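Okay, so subunit A shows up in both of these, paired with subunit B first and subunit C after.
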Partner chain A sequence: MTRDLKSIIMWYLSDGLINIASMTGVLLLAERFSGIGIWSKYQIIFMLGYASLITVLLSFFFGYNVDHISRRVGRGQLDHTLIQPQPLWLSLVTEGFSPFYASSVLIPGIVLIWWAGSHLNLHYTAVWVALLLINLGASTVIAICFQFIWGSMAFWAPRSAEEINSSTMQLMQQLKAFPLDGLSPVVVVSLLTALPVGFLGWVPARALLG
Partner chain B sequence: MGENPLFLIDYLMRFLRVLLLLSLWRILLKHSAVIPGISLSSLLTYTLISEVFAQQISCRTNLETAFWDGTITTRFLRPMSIFTQFTSEMIGVWMVGFLMFSIPLFIVSPFLGVNPYPADISCGVAFSVSIILEVVVGLAMEYIFAASAVWLGCHPYIINRVRSAVGALLSGAVIPLALFPWGLGRILSWLPFASTGSIPLRIYTGDHHFLSLITGQLIWSVVLWLFVNRFWASQREKMLLVGG
Partner chain C sequence: MQVDRGEIVAFAGPNGAGKSTTIKLLSGIIAPDSGKVHSLGVNPFTDRVNYVGRIGVVFGQRTELWGDLPVAASFEWKRVVWDIPMDRYAIVMKQVRELLDLDEFFQSPVRELSLGQRMRADLALALLHEPELILLDEPTLGLDVLAKKKILGFIKQLNKERGITVLITSHDMSELEQLAGRIVLIDHGKLAFDGDFQQLRKSLTEKRTVIVETTDSTPPVLVHAMLVESISNRHQYTYDSAQITLPELLEQISQQTEILDIGTHRPPIDDVISEIYAHWRRWANGYTFTQTYFRQD
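Let's turn to the complex of A and B:
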């Protein structure tokens, strides 16, 4: 990606385009319907901003296929990491640290939160910002754990589960910014346990918006 | 992929996504005013059929993978055109998806409270023509995006992701274009992306402007394939693999 300036620009622009495109659908729906269900337009925008920052954090700290661990396992690349003279977690944390990746979404994510907050009369106190950061950290941990749990299947089925994390990631990306109010209790419980997408937007946004 | 039934989990994920999207439309239309020309029932059918025909709507070949792993070189040596090779493989993969996901989803859809059938027989017939044209347009776009990767000298993975993200939004496959605000949907319906999602799904759910919709697809098919022939031919010679 950092081979030359042209590659950097290409990656940066395309990454921004991809992430903005994935946000736009929800934004347009919120605009058209003045919100989704009991959520107002700006509450949805806040949740969208929050959810986009999860994407940023996942890419920042778990890039290089660490957040798609099934690929590393399925392709036998984990073996290379295991023979390195350092603990596995340290290898994954250092290799996965890619602060430039998805940085194109960082500013839009913050702007969305700021914009929504200004319409929702949020008071950005130190405590509130600390709570935001704690929630972001917790959501990111939940997301990466979810990826690792599903990605572990590649130990048993390297070929058929090699790309399982693409599906789980796609599911998270598509559903994290939708409110879960109004869904049946079984679906809500499923989305807070087996597929915890509710913790990547819905639950933290409810808490942060009071 | 088939040495273990775990690959079926992918279909489970897609099924969950359908459930959530269906729930979302129910919530939206419960709290909002009725959208002109769109009933909840047709919106649910739209979403369901979009997922049943997801492979045809996304219309993806293995071209990106062939660029990535370098096997595109051996493809040129085969006694068959590149287009035929990738298209044949794509259709082959569809069969698995149809058997494992599309047909079961279609069968269980009444239990999800969704009417899976076309609005009427004429819509069903027009849809079958439209979905074929949709694939023709989709394939043309696949080759345009692939040739763009060569032209721009960037990783095909980037172009692939851009196409997926932008295509999903602009085609109206996930969110119907009619639901976009500010009349945006009307503008987007003129783009070729609409031919790869919105148009066949609109026909299926009861839009009776068959002639104009299918004519639009036909025009895009001709225009895009004329462009593909020139663009692909010019970029084929500039392909660089493994840095060489």
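Let's turn to the complex of A and C:
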């Protein structure tokens, strides 16, 4: 990516396109049906913006395959991390800090939140912004824990589970921006525990939108 | 198993014997299920953070270099993470760059390096913080003869000049024999042999090879020796030196034909090891291989 200016531009363009494309589905559904279930169009857009920022934070702080820990485990790369003279968490956090990755989603994410908020008459007070940041932090921690729990499968089956975090990440990306209202209690509980995508969009959006 | 400071120990065994696991135990990456590991006076697993600052590890099949970045960036990264003082860093960098010829590719991205170049850079990186012990897990895997020679020579020199303790695993026995005086063989996680290469050869086999050139193209028929091949008037035999001596064999030959030339050699170390591994495979079911088997001499 950092080889030359051309590579940087190409990378940002392609990454931006991929991320915009991944949002388009939910956006079009909300537009076509003026919302999804009891959620209005702008509430959905707010949730979409919030969920996009989770993607940004995951890539910001847990890039370089830290958010795909199964790859590191399966490929034996964790051994290299463990021969560094510092605690494992410190190595992972410093190696994972990659502020340029996913920054193409940062601006669209903020724009979506701002756009939705302006139609929902949100008051951007310091308390509300602090709550937004706390929620974003908590959602990111839940997402990375979820990735680590599934990624640990690679300790038992390095070859076959090496890419398991790609599937779990994809699952999170696809489901995190959908409202869970109207689903059966069993499904809702499952999506808040075993597969906690509800905490990456739905629950925080409810809390922040009141 | 005990390794003294300043020793070079070759660590070998068939696939799945536990060589890499032992390296991981000694690196503090994993803890033993039973038994104890002590290295440089500490428990590698519980004292990992401090301990790994005193050792260097090279995993031959994987690299510690940052793939997307120039080689130089990995060295700079190591200086910072290992907190190497600038003056020491400059001295060691100068040494490794010269001895391992890093200059030709030092600014190239790691992805563009050949296997030999990558291995040299990995070895240099492992030595940057002047470790007291280096653990090398198949460091010459896939390298050409020249690259192997360069790396082995460097390890030997390092051991001689700085007294660094070296534990090296490889499947190439002749390479290990060049490097180390002592060889430790393991099988299924158990110590199977611990001694020098001479002992290893002697303890397992007394097999010898003799090539005789005679005036006659018909190979002489010998007692206690087996004809391996016969090309025109050159005949190759194998024999067990415990059963018959070389002079006795030559006497048998001279009774049948005239000897023009003779040559003898012992089996290469790779053949000896292959024989050991074959034994282990044959006796895998129910047979426990013990050290005494090897040490009967």
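Everything below uses one rule, namely that the second predicted complex is superposed on the first by the 210 of 210 C-alpha atoms of A that agree within 3 Å, B and C clash if a C-alpha of one lies under 4 Å from a C-alpha of the other, contacts with A are read in each partner's own complex, and residues count from 1 in each chain.
The working rule: a residue touches a chain if its C-beta (ideal position, glycine included) is under 8 Å from a C-beta of that chain, and two chains touch if they have at least 3 such contacts.
All values derive from a computational prediction rather than experimental measurement.
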item: Fit or clash - subunit C, subunit B, common subunit A; value: fit
item: First, second, both or neither for A:33, with subunit B first and subunit C second; value: first
item: If touched residues of subunit A are counted for subunit B and for subunit C, the larger one; value: B
item: Inter-centroid angle subunit B-subunit A-subunit C after superposition on A [Cα, multiple of 10°]; value: 80
item: First (subunit B), second (subunit C), both or neither touched by A:85; value: second
item: Which of subunit B and subunit C A:206 touches, first, second, both or neither; value: neither
item: Which of subunit B and subunit C A:161 touches, first, second, both or neither; value: first
item: Touched partner set for A:77, first subunit B, second subunit C, both or neither; value: second
item: Touched partner set for A:174, first subunit B, second subunit C, both or neither; value: first
item: Nearest Cα pair across subunit B and subunit C, whole Å; value: 5
item: Overlapping contact positions on subunit A, where the subunit C interface meets the subunit B interface; value: none
item: Sites on subunit C touched by subunit A in the complex; value: 24, 27-29, 48-50, 52-53, 55, 57, 59, 61-62, 64, 68, 81-83
item: Sites on subunit B touched by subunit A in the complex; value: 1-7, 9-10, 13-14, 16-17, 19-20, 23-24, 26-28, 30-32, 152-154, 158-159, 161-162, 164-166, 168-169, 174-175, 179-182, 184
item: Residue numbers on subunit A that touch subunit C, as the complex places them; value: 1-2, 75-77, 79-80, 82-87
item: Residues of subunit A touching subunit B in the complex; value: 6-7, 10-11, 14, 17-19, 21-22, 24-25, 28-29, 31-34, 36-38, 150, 153, 156-157, 159-161, 163-164, 167-168, 170-171, 174-175, 178-179, 181-184, 187, 190-191, 195
